[in-house]
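Chain naming follows the written order as A, B, C, D and E, and within any one chain the residues start at number 1.
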Amino acid sequence: MIILLITLLATHVVLLAVAELPPYGMSGNPSYNQVAQRYIENAREDTGVLNVITAIVLDYRAYDTMFETIVLFTAVLAVIITLKTTEGEGGGT
Amino acid sequence: MTATIKANLPVFVVIAPLFVAFVLPTFARRIRLVESLVIAVGVLGLLGTGYLASLILIEKGIPIIYSMGGWSAPWGIELRVDSLGAFFLLVVAGVSLPVALFGVDNLTHEVGGSAQTTRFYVLYLLLSGALAGMAVTSDLFNVFVLVEVATLSCCGLVSARNHPRAAEAAFNYLILATLGSALILGGIGFLYIITGHLNMGLASQELGRVWRDYPHVVWMAASFLLVGFGVKAALFPLHVWLPDAHSTAPSPASAILSGLGVKGYMICFTKVLYNVFGTTLMREFAMHRILVLLGMIAIIAGSILALAQDELKRRLAFSTVAQVGYVFLGLGFANASGLTGTLFHMASHAVIKSGLFLAVGAIITTTGKHRISEMAGIGKKMPITMAVFTIGSLGLAGIPLFSGFIGKWYLLSGSLEAGGSLAAVVIIAGSVLCAAYLFPMIRIAYFEPAPVEDWQDPGVPQRIALVLLAAGVVILGVLPGPFLELAKGAALELLGSM
Amino acid sequence: MSFTTVDYGTMVMLLILVVASLAMYFIKDLLHAVIVYGAYTLIMALVWLQMNTPDIAITEAAAGIAMTVLMMVAIYRTSRREE
Amino acid sequence: MRDFVLKRVAALLLPFIQMYGLYVIFHGHVSPGGSFAGGIVVGLAFIAFATIYGLERGRAKVPEKATTLVESYGTLWYGLMGMIGIFKGAPFLANKLAGIDLGELGALSSGGLISLIGLGVGIRVASTMVALFFTMMEDES
Amino acid sequence: MRILLDKLIINYPYFAAVILFIIGALTVLTRSNLFKKLIGINIMESAIFLMFIAAGNIRGGAVPILDEANPRAPYINPVPSALMLTGIVVSISVTAFALALIIRLYQSYGTTDARRIAEMKREVT
């Protein structure tokens, strides 16, 4: 019951914030600024690809994508380190 | 050639550990080579960050800007080595090297097998690379990705120990930390939607223009980010994952998690708070009061919970919760001395806590005991280890001439400047409580009769690591010069950039 | 504002998403919950196709199936389906 | 598992699924999709093979050593592509600034480093999926 | 209240994102089964993705794949889509790791229920 009440309260507060956001689907939104426009207009000359999203992912923001592959690498290593434990060692704790 | 290296140094300090991490799995069978590679990259990192920090100090804090891929600020990702970045880079390099040194020869006992040890080192290097990245990045989304790398590698380090409790602690940590990352991503999303920029400086400028139109959104973004980073940095009511995770991890992992892992998130939070929201918005939305309140609660509650623990590693883990409180307290003061104190306290806590965890790890691997009441007379059997533990405890309690004192001193003067006498009382009470939960261990170790078992100090690499960290505590306390300079510069930068 | 600006297709899909997430909350059988999760990701991919981002849609479809497969593997390995 | 029809259909379909995955990887810069989606599809094809024909035969197709190597060196490949920029005197991960020929617009080989990086990431993601599946399925401890 | 509802109908994808986020958070925090917690995390993350993508969309806009032959009016904002590609990969990594931990926990405790695992741990110590 208390959980429900807290949830409703939190939902209401977040909804207040969300209602205030710029209207959905309009082209005049603040996030559709000169940055997005420059990506669309110059992607062709800057990177030589037609898919603007690929241009952003693999060229403009390639540093992020490098860390993204590192996240996958980390996850695989973590999975292996968790599951491939050698037998017979109980640990100290 | 040297000119190229110099020009690209901000990138190299981030990617050097990562590159070494990628090649390590190939050499899984030759553990010596793996260890020497890790140590070598640690030394290189220390040299590189030292050079960067000296550049910043000489140039009086003019930041080094590095545009990734040649795309400048609004279009690409920008690295920015300013005083804060150089300071934290130095802390990361300085702490991660001794901790890696401690693992030499020793880690196979705790993790088991050379393949597992290699994987442990890979995760370790990935964590230090991500932390270095956090220090220099100035892009909101890049912060999220780096936080994610750090979180996954932290959880991997915890689950490296072959023990069911470690797996459970890692799972709880992973779930709560991912909840935190979702909240962080949500906060970044709100900021992006209303500003349209991901670069911190530009987002801040835009936010300063539009925040009046979206008061609730700014408020929501700030609270999402506070809760998100709070979960990851173990701010008091959200700390539930920390004691289990830090006490069940292998000792080098506990050292790096408590010393650096938690600090990385706090540096990110500091950057977001001061470089994006800025002091005006903080005052407008009373964020600084909330931070001070949360910090005070965390200090007192963390210390009291630490007092109640008998298991030494758990006690140290709860002590981390209390020390995180100091950092958030200082962030809330929002004045130069408070911020200097916060940053310096972060550095000194990183050094001290990793030293303490390593000393405790050495004790536990030698004696197999982990309760404080069972450790009678260890000081006579393991003099170096206990000496390091004593120096660390004195430092953490804030005795003059050790590093903890300077940070707390600045925090005190910051609290008086901000007009919060209650906060000053809490800071002093926290110190007293800290002494209360660490000094009994010293008393038991030195002044109780020693048992007959043949216990000895650990091997040479472990001794070097412990002595290096203890020396760090003393040097930071006696000659804080350049570190204090960098911290002061960083505080002024954070306050100046609206 | 009137309802004319609302895209009903997307709205219905979002409603299905909410229903599916509630179902995942209440379903007792884990395998069923995971199957509902697979459906959830597919509907999510459709929503993103509606929002003009086919790149995300294709990635989400692939990633969702991958996650479902991995979850099924984990359930197979832990073998107790009941919550 | 021993179903004849299933095996026949899989033998017919799986090559096409893999071709589709590779298509998505290679055409990431001219059409929707990209290296991640394509890599996951390729990896899922291997997983389907292993579930239908048995783990041993699947493991024979993709030995553990191979996935480990592709894992680490696939990630390193990305970094090395970034280092090209530094060697040419441009920043890390530079593409056009490093003086790389961007190629003809809309062609398969356009985009300079982008297609190379994409290919590396795609293969890597495929091997990641396979490695995750086999690690979870195989009884070690 | 009336104005709030009107605005929420205009911003209906955000509205749905909030609802999904809350349901996901509830699933994480109140269900004790580890798989359920994991599914909750995934719902939360996809809710955040929905918020981002909705912020980038433009009604009647075109897919941001440049087409020189017939330039159609306005392309949607490509930045959130690019960011969310990264987000999806992060969520799949977290899922994989959490599943590995669940398998490990099942091997040690024989159950996938967080409450029962906590009880067992208390009995041991």
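As a working rule, a residue touches a chain if its C-beta (ideal position, glycine included) is under 8 Å from a C-beta of that chain, and two chains touch if they have at least 3 such contacts.
Please read these numbers as outputs of a predicted model, since none were measured by experiment.
Counted as hops between touching chains, the shortest connection from chain B to chain E is 1. Separation of chain B from chain C in touch steps, taking the shortest path, is 2.
Judged by contacting C-beta pairs, the busier of the interfaces C-D and A-D is A-D. Computed centre separation for the pair chain C/chain E is 10 angstrom, with centres defined by C-alpha atoms.
Distance between chain centres (mean CA atoms), chain D to chain E: 25 Å.
Distance from the chain A centre to the chain E centre is 10 Å, each centre being the mean of its Cα atoms.
Shared interface positions of chain C, defined as residues touching 2 or more other chains, are 5, 53-55, 59, 63, 66, 70, 73-74, 77. Residue positions of chain B touching 2 or more other chains, listed in rising order: 18, 22, 25, 68-69, 141, 145, 148, 152, 155-156, 159, 165, 167, 170, 192-193. Residue positions of chain A touching 2 or more other chains: 14, 16, 20-21, 25, 29, 31-32, 35-36, 39, 44, 50-51, 53-54, 57, 59, 61-65, 68, 70-76, 78-80, 82-86.
By the touch criterion given at the top, residues 141, 145, 148, 152, 155-156, 159, 164-165, 167-168, 170-171, 174-175, 178-179, 181-182, 185-186, 189, 192-193, 198 of chain B touch chain E in their complex.
Chain A meets chain B in the complex at residues 13-14, 16-17, 20-22, 29-36, 38-39, 59-64, 67-68, 70-71, 73-75, 77-78, 80-82, 84-86, 89-93.
By the touch rule above, chain A contacts chain E in their complex via residues 3, 7, 10-11, 14-16, 18-21, 23-27, 29, 31-32, 35-36, 39-40, 43-44, 50-53, 56-57, 61, 64-65, 68, 71-72, 74-76, 78-79, 82-83, 85. Contact residues of chain A toward chain D in the complex are 44, 46-51, 53-55, 57-59, 62-63, 65-66, 69-70, 72-73, 75-76, 79-80, 83-87.
Listed in rising order, the residues of chain C touching chain E in the complex are 1, 3, 5-7, 10-11, 14-15, 17-18, 21-22, 24-25, 30, 33-34, 37, 40-41, 44, 47-48, 51-56, 59-60, 63, 66-67, 70-71, 73-75, 77-78, 80, 83.
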